[in-house]
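Multiple structures are listed underneath, in structure tokens.
In the two complexes below, chain A is the common chain; its partner is chain B in one and chain C in the other.
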Partner chain A sequence: MNIFEATFFAAVLTATAPVVLAALGGLLSSVSGVFNMALEGQLLWGAFTAVVFSYLTGSAWLGVLGGVLATVLYSAILSVSAVTFRADPVVVAVGMNLLALGLTAFLMRQVFGVGGTYTSPDLRGLPTLADLGLDVPVLGSQSPLVPVTLALVVAVALWLKRTRAGLRLRGIGQHADAAESLGLRVGVYRHGVVLAAGALCGLAGAQLALGNVTLFSEGMSAGRGWVAVVAVMLGGSRPYRVLLACLLFGAAEAFGFRLQGAGLPQQAADAAPYVITLLALVVAGAAGRRRQTVEAR
Partner chain B sequence: MSGGPTVDGHDANGQHANGQHADGRDANEHHTDGREVDGRGVDGPVPGRRGAGAVVALAGRIVLAPAVLAVAGALVLTTLVMLAVGVDPALAYPALVRGALYDGNLEYTIAAFVPTLGMALAFAIPLRAGEFNLGGDGQMALGGVVAAALALNVTLPAGLGVLLPLVAAALTGALVAGISAPLRTRLGVPAIVTTLLVSTPAVALASYLVRFPLAEQGTGNAQTPTLPDAAHLPALAGSEYVTLGLPLIALLTAAWLLADARGVLGYEIRATGSNREFARYGGVAVNRLAAVTLAGGGAFAGLVGALIVLGPPYRFVDGALTAPGYTFTAIAAVLLATGRPVAVPFTVALLTILSAGGPGMERDAGVPSQLTQIVQGLIIVIVAVFATVRHVRRRRNARTEAGA
Partner chain C sequence: MAVSPAEPPAAELVGVSKRFGPVVANDGIDLAIAKGEIHAVVGENGAGKSTLMSILYGLHRPDAGHVARNGARIRLRSPADAISHGLGMVHQHFRLFPELTVAENVVIGAEPTRGGVLDLAAARREVERLGDLYGLRADPDARIDGLPVGIRQRVEILKALYRRAEVLILDEPTAVLTPGEATRLFDVLRTVTATGASVVLVTHKLTEVLAAGDRVTVLRRGRVTGRFDTATTTADELVMAMIGRSLGPATPRRATRPPADGPYALEVRDLRVRDRDGVPRLDGVSFGVRPGEIVGIAGVAGSGQRELLDTVTGLRGPGRGDSGEVLLSGAPVRRGRHPAVAYVPEDRRGRATSPGMSLAENLIMGDQRTPALRGRLGLSASAVRERARTLTERFSIRAASVSDPISSLSGGNAQKAVLARELSRGTPVIVVEEPTQGVDVGAQEQIHALIADARDQGQAVLLQSSELTELRALADRVLVMFEGRVVAEITGEEAGDERLGAAMTGATTGGASGTTTGGTSGAAS
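So, the complex of A and B:
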């Protein structure tokens, strides 16, 4: 089993892209001081609505657009309850994740008339870069959203570090009252960021359901939103570190598929990404602790 | 991350560490405050506000309680969803109630109440200390597998044949949930994340064990063989599906309620949940409590796994433990109880009826049973909003009075 070949790297990118997009949303929210644990539900909602709009319009790109808009709308639940009404964002997120699971499963039966998995030849998936005439190695088999994802990581990093709005957002996250006293409209920034996270999760869902595959199945986000939450914990407010954490997860998932191909049971492949993610948390946590102790001396 | 606001609708700011509704309001107000659930506070005339006025005030408080508003709001929104996709609510809701309570379905509903109540404790016990246990599925599945493996491989006399698997399953669940405690206290990773991350591999491991080493040979079904008779939980008289698990879980729930309200440990747990630093200052071993509550919750989840496996059909069927969604029905129920443990059995009963009626609704009215998940999700979101709004309003009133 050779893991150092182009197809393996391609598989890693495929597995990583949706997680990175969701994690960018989580990162922006966390920088502004809102704990966004509803990524899982938003990712699932994005995947479902992208499929619905692709089915209704017959165009994959309109599907992506519809998915993004619908998920922005969905993320308004978090922005209104946690920012306007100051409800506990963790509890709201638990509710939103469950709601997304129920809504998608219910609507799928009503709209498509099937449960479990929906796919159809009429459903338009995203083209690969090779289809568009850009047959570069590794990236050629990916949807155009994959390079967009990488570009967004750079964009978010630059925006946070180099722009006035990015600086203000970081200030709000560090001390909301101080930022408010300087005349910043904390609520506006937080609403904007949570809705932007919704847009990113919608994009993530569209990539998952129209890019990686062309179908929707119940619960297809399968914990990726939670892995994104962990990636934000590991990477803090640094987008490149978050990307690295997501790549670790993507590599674990791609490796799990290889293991399955090599005859290991499917359950091992299911478990691999989570075990790796947990181990990464433990290692990073222990390292952070050691660093703190050293600094304390 | 503070568990305070969710545990009892209060901010985590120390002054509420001694229990619920200890906010400084006058005695008249206090008499009817927040006691809607157990009906106390009705007896005896309230000075200055007699007879009908008091009844109206009480009725107002019941109607405006976050739990009632949340259920009502969730049902209204769900009805809108139904109308939007062309489902007739006048058909769906009666079918839901029939599916849960009529035509001999009540027995299934009571049977589903047992695991849901158990999973509610699995979530509620750590929540009282401010920790979220979302990994109930994994704790339950591994508990169930251990119970099945023990019952299949060790020959035991009748009484012990049930008791030992139950205890082993509880210990397994405690261990699986306990993993998250050092991650929380030593590395600072919230339990809400680690419990969930442990859960998926745990469910996968249970599934693997049931499909391969413990599988029933020759049938190709993903299930264990039927457990020996000595490991069957006795059914209650006159019932086929309701087992000894019902009185057992009722007893354990009563014990928890008592310990929570009156015990020293219960007090320390509540203090930690209200304000972790304040409790630490007061001499509470908060890190040890995180481990104790997480393991305690996990023990209940493991126990539920064993109760399902040792009950009809007396075997571990892959997916049968996690598919009904007991874990999240229970989480919705606990959050709906808004920090009043006494209310938990009632909210669990309500949400069990809602989710147990789902299949009946699907059969009779053709409405997908996933509708019940929508209701649960909405309940959680709305109750979170109302709990804070009420608290903020009350604090604002208190401030105005103090200023006057």
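So, the complex of A and C:
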């Protein structure tokens, strides 16, 4: 079996795209000095609301739009409590993650009248690029949000490095008091990026529920938001490194599917990406500690 | 410097008062900064200097009074307002962005752009232009966290100049500099004032005031207690205005020297220490301290003092690749705090005291197993209080009650409490770090007397200080460290600023007292 064929890379991209989108949101928040641990909950909320809006409007694109807006609204919980009222963002995030899990399961029964998994022929999923007449290798089978994701990585990297606002955001994250005393509006920037993270998570959720598949099931984010948090911890404020960390996860997931096909038990295949995430954390944690001791000198 | 009296002052504080709760920090202060002058503001800790400067820089708003620029009243709601009015401040603790480059730090908040994109080339050029103009060269592409403090300070000044500051406020700028760097800084400030800008220099070092300032305003307890022209005033006059009395006679020097060949109470032999990354931090340090002798340790921060003192006190155990010995009264010690070594750490809140605990508890810390302090069940509260009262009296520590948390004491009183605890143990060796950092002039005198007392009692004192005047006043010999070695040994009387300063940068070695340890070659100057 040759695993390095086009379908394997396509599978990697499918698995990676939602994680990358959420991780970009986490990266922007963390660059501004707000630790955004609520990616998992926002991702799930985004997936659910995208499905709801697709179902209500009969249009996948309006579903994406609805999911994005609803998740921006949801992320306002974090931006208002952590930025305006200076609550501990970690505590708020734990609450948001739990709330998303319960709220989507509850609303699912209200809206669709079923629990577990909802899917229907009436539910519109996103077209593939091939559907749109762009049958390029690897990307052809992907939704248009996948190339958008890759473009966003480049855009965020350039924005941080080459624009006035990007420079200011980096400064705010490193020394908020100093930024404030230079007349920079720390709160405005932080609100902005936390809400932008909401939009990115909404996009991630839409890709997950309308791009990768066309359904919603309870807890379907399945830890991808946490993996995104880890990717931010691994990649720091560098978008390309964060992308790389996400690709590692996506590759592990795609590889797991392959092994499953080759007879590996499904549980082992499902666990593979998380085991890799854990290992990456341990390695990065050790490297980070070494870096700190060097800086402490 | 000639100051035209007809011109309105570049910056002015008029009748400024500010209170924090019951504490009156500023009480009707008038301060006028003339165009093109270096105006020093001096006073003890808590005299109100910082509050006053915070008001001038828009960090605090005065309860009464106002700020004026060039004769016109201005309202400052934030530092950003102050910046837009041409005021710039270099804080004692720098406010730089550690992971940004020099150029990014200078321009952030007022960035040059081209077509909506940051123009970093223009930022670089600007840094270089200002650097050439004022003698403040710094690599525009270097990241801040890799730069030494002296350069970081330049970046802070560049930041203010880039924002066209016409009044530059510097808060204790020389606290982090070597004497040579300080001299260069004052040259820079002269260049700045030559362009018509003004400098406000907040400091407690009177020698600097007299050397670099044009005029001085002295604060005490929130009020102005003196205004002087540096050309016509003396250090004594300034001290009188600062503390309301003149200083007592200089710290009593021992009439007799300790025997030059007696046995060492503390000896260090060929100490070599590497840090975790294998970089040598101590590179063959040897010296000894005899009973009744004070040996000073000088050096630019990071020259190995930390590792040396941590090894001597036993806080740092030997690591891989380390070698050498520490001997107490001739016997080698290896690891852990040794009961024969008393220790007054530099980090008063982290190492020297437990800030949340009471003065009494802090005073007996480490002696808790002494039978005299124990009752039927563990410590006897009354015995502890009794001991604490005795010590506060003997060491004249001012506190409302020995049960108050030590963190409620002033810096000077907290430091006296640490000294009381450590000195009262009567150990043969005592290691003292930065004994008067953050301590006002009055308490400094007392602390110096306490250390001199310990010496007269026959204790061997190892004294590390970044205040050269302190080393000069107390130490019998000063060892100068540079890059992990002792590069010079200078006797107290010969320890002039220039000698010490040169040795601290590794420029010269040796001294008339003879002993030259360590590797740098070169004749005694």
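The rule is simple: the second predicted complex is superposed on the first by the 284 of 297 C-alpha atoms of A that agree within 3 Å, B and C clash if a C-alpha of one lies under 4 Å from a C-alpha of the other, contacts with A are read in each partner's own complex, and residues count from 1 in each chain.
Please note the rule applied: contacts are C-beta pairs under 8 Å (C-beta built on N, C-alpha and C of every residue); 3 or more make two chains touch, one makes a residue touch a chain.
Just so it is clear, the model here is predicted, and its values are computed rather than measured.
J.: Examine A:L103 and indicate which partner it touches, taking first as chain B and second as chain C; both and neither are also allowed.
T.: After superposing on A, A:L103 lies in contact with chain B but is clear of chain C.
J.: Just chain B (first), just chain C (second), both, or neither: which does A:A286 touch?
T.: A:A286 contacts chain B only, not chain C.
J.: In the overlay, answer first, second, both or neither for which of chain B and chain C A:R86 touches.
T.: first
J.: Taking the superposition as given, does A:R164 touch the first partner, chain B, the second, chain C, both, or neither?
T.: The answer is second: A:R164 touches chain C but not chain B.
J.: Given the superposition on chain A, which partner contacts more residues in chain A: chain B or chain C?
T.: Of chain B and chain C, the partner in contact with more residues of chain A is B.
J.: With both complexes superposed on chain A, which partner does A:S181 reach: first (chain B), second (chain C), both or neither?
T.: second
J.: Does chain B (first) or chain C (second) touch A:L150, or do both, or does neither?
T.: Touch partners of A:L150: none, neither chain B nor chain C.
J.: State whether A:Y274 touches chain B only (first), chain C only (second), both chains, or neither.
T.: First partner only, chain B.
J.: What residues on chain A touch chain B, complex-wise?
T.: Touch list, chain A to chain B: 35, 37, 77, 81, 85-88, 90-92, 94-103, 105-107, 109-111, 115, 223, 226, 229-230, 233, 265, 267-268, 270-271, 274-275, 277-278, 281-282, 285-286, 288-289.
J.: Give every residue of chain A touching chain C within the complex, in rising order.
T.: Touch residues, chain A against chain C: 162-164, 166-168, 170-171, 174-175, 177-184, 237, 290, 293-295, 297.
J.: Could you list, by residue number, the parts of chain C that touch chain A in their complex?
T.: 59, 78-80, 83-84, 95-100, 104, 108-109, 111, 113, 116-118, 145, 275-277, 302
J.: Once bound in the complex, which stretches of chain B touch chain A?
T.: 1-2, 5-6, 81, 85-87, 132, 134, 183, 186-189, 192-194, 196-198, 200-201, 204-205, 207-208, 211-212, 328, 331-332, 335, 368, 370-385, 387-389, 392
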